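Notes for the one structure printed next.
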Amino acid sequence: MSQVKTLSASQDYPTHECGVCGIFDHEDAAKLTYFGLYALQHRGQESAGIVTSTGKEVFLHKDMGLVPEIFTEDILQGLKGDMSIGHVRYSTTGASNFTNTQPLMVHHKNQTLSVAHNGNLVNSTELRNRLEESGSIFQTTMDSEAVLHLMVRNSGPDLDKTLSETFRALKGAYSLLYMTEDTLVAVRDPDGFRPLCLGRLTTGGWVIASETCALDLIEADYVRDIEPGEVLIMKRGEEMRSIFPWPKQTPHHCIFEQVYFARPDSDVFGINVYQSRKQMGKILAREAKIDADFVMPFPDSGNYAAIGYAQESGIPMEMGVIRNHYVGRTFIEPSQSMRDFNVKVKLNPVRSLLKGKRVIIVEDSIIRGTTGKSRVRALREAGAKEIHMVVSCPPTMHACYYGIDFPTSSQLIACNKNVEEIAEYLGLDSLHYLSLEGMVEATGIPKEHYCLACFNGIYPIAPDQKYHKDALATKVVKG
Amino acid sequence: MSQVKTLSASQDYPTHECGVCGIFDHEDAAKLTYFGLYALQHRGQESAGIVTSTGKEVFLHKDMGLVPEIFTEDILQGLKGDMSIGHVRYSTTGASNFTNTQPLMVHHKNQTLSVAHNGNLVNSTELRNRLEESGSIFQTTMDSEAVLHLMVRNSGPDLDKTLSETFRALKGAYSLLYMTEDTLVAVRDPDGFRPLCLGRLTTGGWVIASETCALDLIEADYVRDIEPGEVLIMKRGEEMRSIFPWPKQTPHHCIFEQVYFARPDSDVFGINVYQSRKQMGKILAREAKIDADFVMPFPDSGNYAAIGYAQESGIPMEMGVIRNHYVGRTFIEPSQSMRDFNVKVKLNPVRSLLKGKRVIIVEDSIIRGTTGKSRVRALREAGAKEIHMVVSCPPTMHACYYGIDFPTSSQLIACNKNVEEIAEYLGLDSLHYLSLEGMVEATGIPKEHYCLACFNGIYPIAPDQKYHKDALATKVVKG
Amino acid sequence: MSQVKTLSASQDYPTHECGVCGIFDHEDAAKLTYFGLYALQHRGQESAGIVTSTGKEVFLHKDMGLVPEIFTEDILQGLKGDMSIGHVRYSTTGASNFTNTQPLMVHHKNQTLSVAHNGNLVNSTELRNRLEESGSIFQTTMDSEAVLHLMVRNSGPDLDKTLSETFRALKGAYSLLYMTEDTLVAVRDPDGFRPLCLGRLTTGGWVIASETCALDLIEADYVRDIEPGEVLIMKRGEEMRSIFPWPKQTPHHCIFEQVYFARPDSDVFGINVYQSRKQMGKILAREAKIDADFVMPFPDSGNYAAIGYAQESGIPMEMGVIRNHYVGRTFIEPSQSMRDFNVKVKLNPVRSLLKGKRVIIVEDSIIRGTTGKSRVRALREAGAKEIHMVVSCPPTMHACYYGIDFPTSSQLIACNKNVEEIAEYLGLDSLHYLSLEGMVEATGIPKEHYCLACFNGIYPIAPDQKYHKDALATKVVKG
Amino acid sequence: MSQVKTLSASQDYPTHECGVCGIFDHEDAAKLTYFGLYALQHRGQESAGIVTSTGKEVFLHKDMGLVPEIFTEDILQGLKGDMSIGHVRYSTTGASNFTNTQPLMVHHKNQTLSVAHNGNLVNSTELRNRLEESGSIFQTTMDSEAVLHLMVRNSGPDLDKTLSETFRALKGAYSLLYMTEDTLVAVRDPDGFRPLCLGRLTTGGWVIASETCALDLIEADYVRDIEPGEVLIMKRGEEMRSIFPWPKQTPHHCIFEQVYFARPDSDVFGINVYQSRKQMGKILAREAKIDADFVMPFPDSGNYAAIGYAQESGIPMEMGVIRNHYVGRTFIEPSQSMRDFNVKVKLNPVRSLLKGKRVIIVEDSIIRGTTGKSRVRALREAGAKEIHMVVSCPPTMHACYYGIDFPTSSQLIACNKNVEEIAEYLGLDSLHYLSLEGMVEATGIPKEHYCLACFNGIYPIAPDQKYHKDALATKVVKG
């Protein structure tokens, strides 16, 4: 574990993707949370943590690494209690260190307050400045720390008031779990950027999780999504209840969860992700008609749109590249120049299948384009005669301020090249993106219910003036 | 690393599946071997090792674990030389310990002799007894150790004679690399049970590997297979040459390499494995016509036959279960009864896809049936209305003595139940196996060129009388 | 690393022993701090950390473990800067986890504030309550966190005022280093409970450390002790200067540093520890005259008083027990009953030396008495005929509130038994403690300059009313 | 663990120091062996291993590292049986790798044969050549492997004959344990170079160990030494018995065991090591009369002779340097030039004690002189006015072929300088070695019963002609 970090002031805005899972009223809370986080590991692979409570005592364990690396049987047994919140985290701007792991826990007047947060606040600089003016100090560089300061500042006999005032002070995206000794609160920002759902355990307890795939693994029944703007309060000895601190508004769900980020076996915003992606592939097949020998995905992310494209177009689907199941997270770089090594070590083209063939690659997105370039070249060298690519979303051209980390504009290929230029750069015979309308239509949800900012640049909430995403992303951090 | 082992006499026959890779005449021999083994990791995940030679000095590194865990940049740099042999090993009968890692290296009269062996000798007891009678001692429980003893016993001025006499003494399956300070020898038994191929590096050196996927990764061109009964000799400063110590005979390739064991991107016995498996699926669709909503594999092993079945039948293919990409080799057991947890943690059914549907599962084999039972139940619980299973090979009913480890007869479900009974046990609406003829036909190789023993019980080479596979397999070993 | 912890309210008073080391104006600040902590490892073996500053950027690394386990060459190189503070920590009441490692670092208005603290505050509950009332939250259970809150609350344009107000608010023992981007402050409480000294590097920079042994290792010249009540300010680009926020008072040095805690090669409170301890042994020889064959210490802690006792009494000294140099921190418990195993595995009696002899053991203290009982029995079994024990301090009977952790009164043997009863419990022929006057006399410092509370119960500063040492010590904590 | 090694032919003579321990007839054999090895850790810190037998099954665990690092509770429980042999090893010439760990175990005709060996054979090249001529192959570079080959070659119905013929073929030093499924044999070469003793467990079983300190820890009673030339046979179900395959001869005990190598709490060759060393100090005080303020050892090895010197001379003894108890096996090198850092990090001079004083250092040996030079300089810099050194043995000038590894002649300072030159090199005011006669007299054993070769160059057994110690020691080995 590396704890070295730079802590100069401008480093205050880590953007990250995360997952949360909480349990209420189950004697095995830690273990169920562990499995929930296991299922949500795709939302964050850098660190994980769990806080549990017996109602009187609170226990915490968190560390850098993957869920199964961090938690052992012994540790889970030490995490006593029937309530818990857990978190998996992936940070991309560099402040990846122990201090920034979640859940974040603090103490105040004989009470512990913990928070696990998925999303990103856009007014964290303003909040931090205001809190620092009145004497608060910060130990992490996470915007979630401001939530706990506010909770204390707003604390009083009326819990609903404390929660309402605190959450109303936050601007941005937050699907968040908050826990004290006897209370677990689940909240989803009024735009509902990130998913958050409620499930019922077979024994009667409750689970709240970022995605329904966590419910499947622990055999909980999906009950409903936490609504945008809902604060769900589960207090020991009381009935579960909800408050709604904001006026009702149109939600702005992150469509990138459907396109790329969520697991295909999850239902997100009421829609199954697998079916959405397959439908995107079908609409793409209607929008981009190509004559070819077969359709192929780069497994596994492209599989679902490829199935849709193949079914709609009538062109057979083949697995043109084979995954090496034993590729670890690190490997030794080849010393001699092995072209496209990083691609081939994971996904080896099937030469006898590709030789002389016209193929359509179905991709779920093109970000920088560097991986795509390698992949196309590897297929060419394996003998493919024509290579077409279809992408199951429009060009990604704008930063996200709500919790998904994209490269800066200068690194997004679609910001700098038009479709023809991208095709040429990637070495393709042709390239087709799904239209914005086609993408939205595939999900069956009205367009106005989505945040489409990364595609169309229209931001539901204006980011903090001082928030310079690009500046942050280039900040050199020692870790 | 656990070195504890039982070493009572009856434990002398470890059966295992392995992969080998060797380099001749390349300054980066260790690194290329490392990548070759990386691509062959599916053939053995328990231990790995590399021996290199500079012509004067010999270097060895081996350990328990996966290839990228065992070798670091520093270690590879310490493995100097332009010749090398490497090995990955998987042992199932228990003698999994450091002593049994390969390559095996010994010293004799200022010379080192190393061997890396894929396959299994059937006369190892006899060989060992004979050698022990004349004073040899054994430090491992691997049959490969006998090869080195024979090499020394047969040593003399005529290398060809030494090699011929040694290999002629061996009975069974062996695709084997042997190396001394200045010579690398690749040999394939006259039946050609296991694959072994020769490739040319772009710089002019040579590579020998179990499968062609290793050639792809290190950008070597496939030249040809080492022939059954061929002993290929590469000696420093001499032309590469081959000797054939046996009379020409019909080969007996292991069809299980095509069905299950080899990587689909490899060409094995001259045939691409992906295409073979897809063809098996197609023939299966002709043999077993079923009315259903969709065809689905259990990824990734079932993907290829499923594609064939879907294309031939016209029934669409869907990915009915989703892989969790972050499942490690170990995880904590759930304390409460989570049914079919071991299946679902890896492969989660897509509920909204399966609900109310009639599905055809395409499997590549059914061994014990326990995994299949869990998988079927998980699909049922996700809402599937009808579940049919088609298997892309005939029932597996007989032990293998040539290097693939099956459970004992009592554990092979097809030994104990007929097809109807198996279907009932698995909870299926129907079950269909591919016919022996269909399987062979799919590969395009004449039936007589195959060893089909695990399916039809006809063994090309009779195993050693004293060789009791079942007795061995039940030997309790402490590790 | 184990992060599991209980965080109920009553656990807020970890008592601990620690060491600090800081460097000002040396390009290799991190490395020198590393070696300083290395020399101070006896003051804390549970965790260690270093913060460095380049004047603009601040770097932190800390973790659980010993100094050489935590810091690698790479990590030290990442800790850039010419200023640094470091800390080693030993916690005994259970809150031993990553969160409680030091230095503690926080952020406030683009500034970082770090603190490394040796000692214990007695008004931390009061401070914490007051801070919490005005909205502060706490992330650790260390009293040092209050220091940083106060520093922020008192911050203003006048640094001296900020420091004076902050430190005047603290009651108890603190030899403390505080650092921001451009300033390093060393402060010692007005009682001067714990040592803190200033040294000059050969290159001209400065070092501040808990003990002079840290100066020896990094070849710094001892300049002087930081005075009780002195706040030494080292600011980049300014002359080093001191302020004295309190009126001059009589110091109360912890005599236990002389008796037991400091390293014998250190000078503490102006006196060499080795010489003090030897002198204690000499005075003990005058106070307790015993006829015996030889004097023996339990190495190494008892060596120095034993030398003094032997020289004064004229009775020869022998090493009656031999240390096993390879005893690690953990070992397997013997399954059969091996009596006094824990003693003998570390210190084996020399049978041929002890057989039939009358021996005098010189001990530096008796706390619970359990170890002593085992040691005496082991000597008996090795053949000693008479065993007398002399102790180079008076009976330890009272809790320490200033940073040294003793067992609770109920566990201190001297609280529950008189000298005869202790002798009987330990299995001794006779037992003699050094008198309070003799102990003080041995150091050459006036009695009124010492805190002797653990021996005589007279506390220089009354502990916080709410501070219940015994209650805390019995708190069960899971870690 | 590093397995990389060179295996060219000339590397066949590893010299090493080792310890052995075996248990016969105790249900907890593995655990007792573990503790025995723990006590013998000073004889070898590089690797350790244990073989156990239930009479039918044999279990082995060995690895690189210290005893407590290698064995866990689980592993010890897996090492079933009531018989065992164990080994600790230290190798200096480079072949330090897993393959060369002991015990060495081989299989022959359904029997396992294991050996644990302390000492060094001088005819191993000859033995190896002879065995290789008749077809034996070697997997290690240890001379102990030849023992097992011979055991097999000589095997027959008469166990006594097999053992006698095998051991008679060996020339050199060997205190050795040999075990099969049902028999444990302890043998000591006819010269009795290395110690080996027999103890009785309180439960009635037996222990054989290199030194008596192993007996103390496991509470066994010392019975007697295994005699030089004795082969002690313990066979399941039979009475313990001894055979003596050689004619009676004068022993040649290694006096270096007394001087330096054995633990002071052990009795070796019938004499307590502590008392021998103290007596060496006393005789040295008579031979070398010096006027000084105090006598000081470098702890702990010099303690015992220093006590003798001080008692005889009447000059007080002081601990002039203090050990840092937390120095690990590795630490980071200081980047700036910290003079004598390696000395001071372990042993810090006590400045206030040394300042202006005339001191006598008592050392147990001077090998290369480099450490001594640093130590003397560190004392000078701490203020010592006069520094004299007395050494409790004569100058070490000759190689050892019987199992103790010295540097080559060119590196032994006494081979290249006379006493005055050494004193000058070390920076001493005077230097005195104990005489050969004084050293022998101190032990009370007749001079002719010792091997004094390292001091006087008279070798009891001529080493193998081909054995070039110096050539070996300079062999570069990659590890």
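Chains: A, B, C and D, in written order; residue numbering restarts at 1 for each.
In the analysis below, a residue touches a chain if its C-beta (ideal position, glycine included) is under 8 Å from a C-beta of that chain, and two chains touch if they have at least 3 such contacts.
For reference, the UniProt names are A, B, C, D = Amidophosphoribosyltransferase.
What you are looking at is a predicted structure, and each value in this text was computed from that prediction instead of being measured.
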Based on mean C-alpha positions, I'd like to know which chain lies farthest from chain D. A
Taking the mean of the C-alpha atoms as each chain's centre, how many Å separate chain A from chain B? 38
Cα centre of chain A to Cα centre of chain D, whole Å, reads 60
Approximate Å spacing (C-alpha centroids) for the pair chain B, chain D: 47
Who touches whom among the chains? A-B, A-C, B-D, C-D
The chain D residues in contact with chain B across the complex are 1-9, 12, 49, 56-63, 75, 78-80, 98, 104-113, 129, 132, 134-139, 141, 148-149, 152-153, 478
In the complex with chain D, residue positions of chain C that touch it: 28, 31, 34-35, 38-39, 41-42, 45, 66-69, 71-73, 76, 203, 213, 216-219, 263-265, 267, 272, 274-275, 299-300, 303-304, 307, 311, 316-319, 321-326, 328, 330-332, 334-336, 338-339, 341, 344-345, 348-353
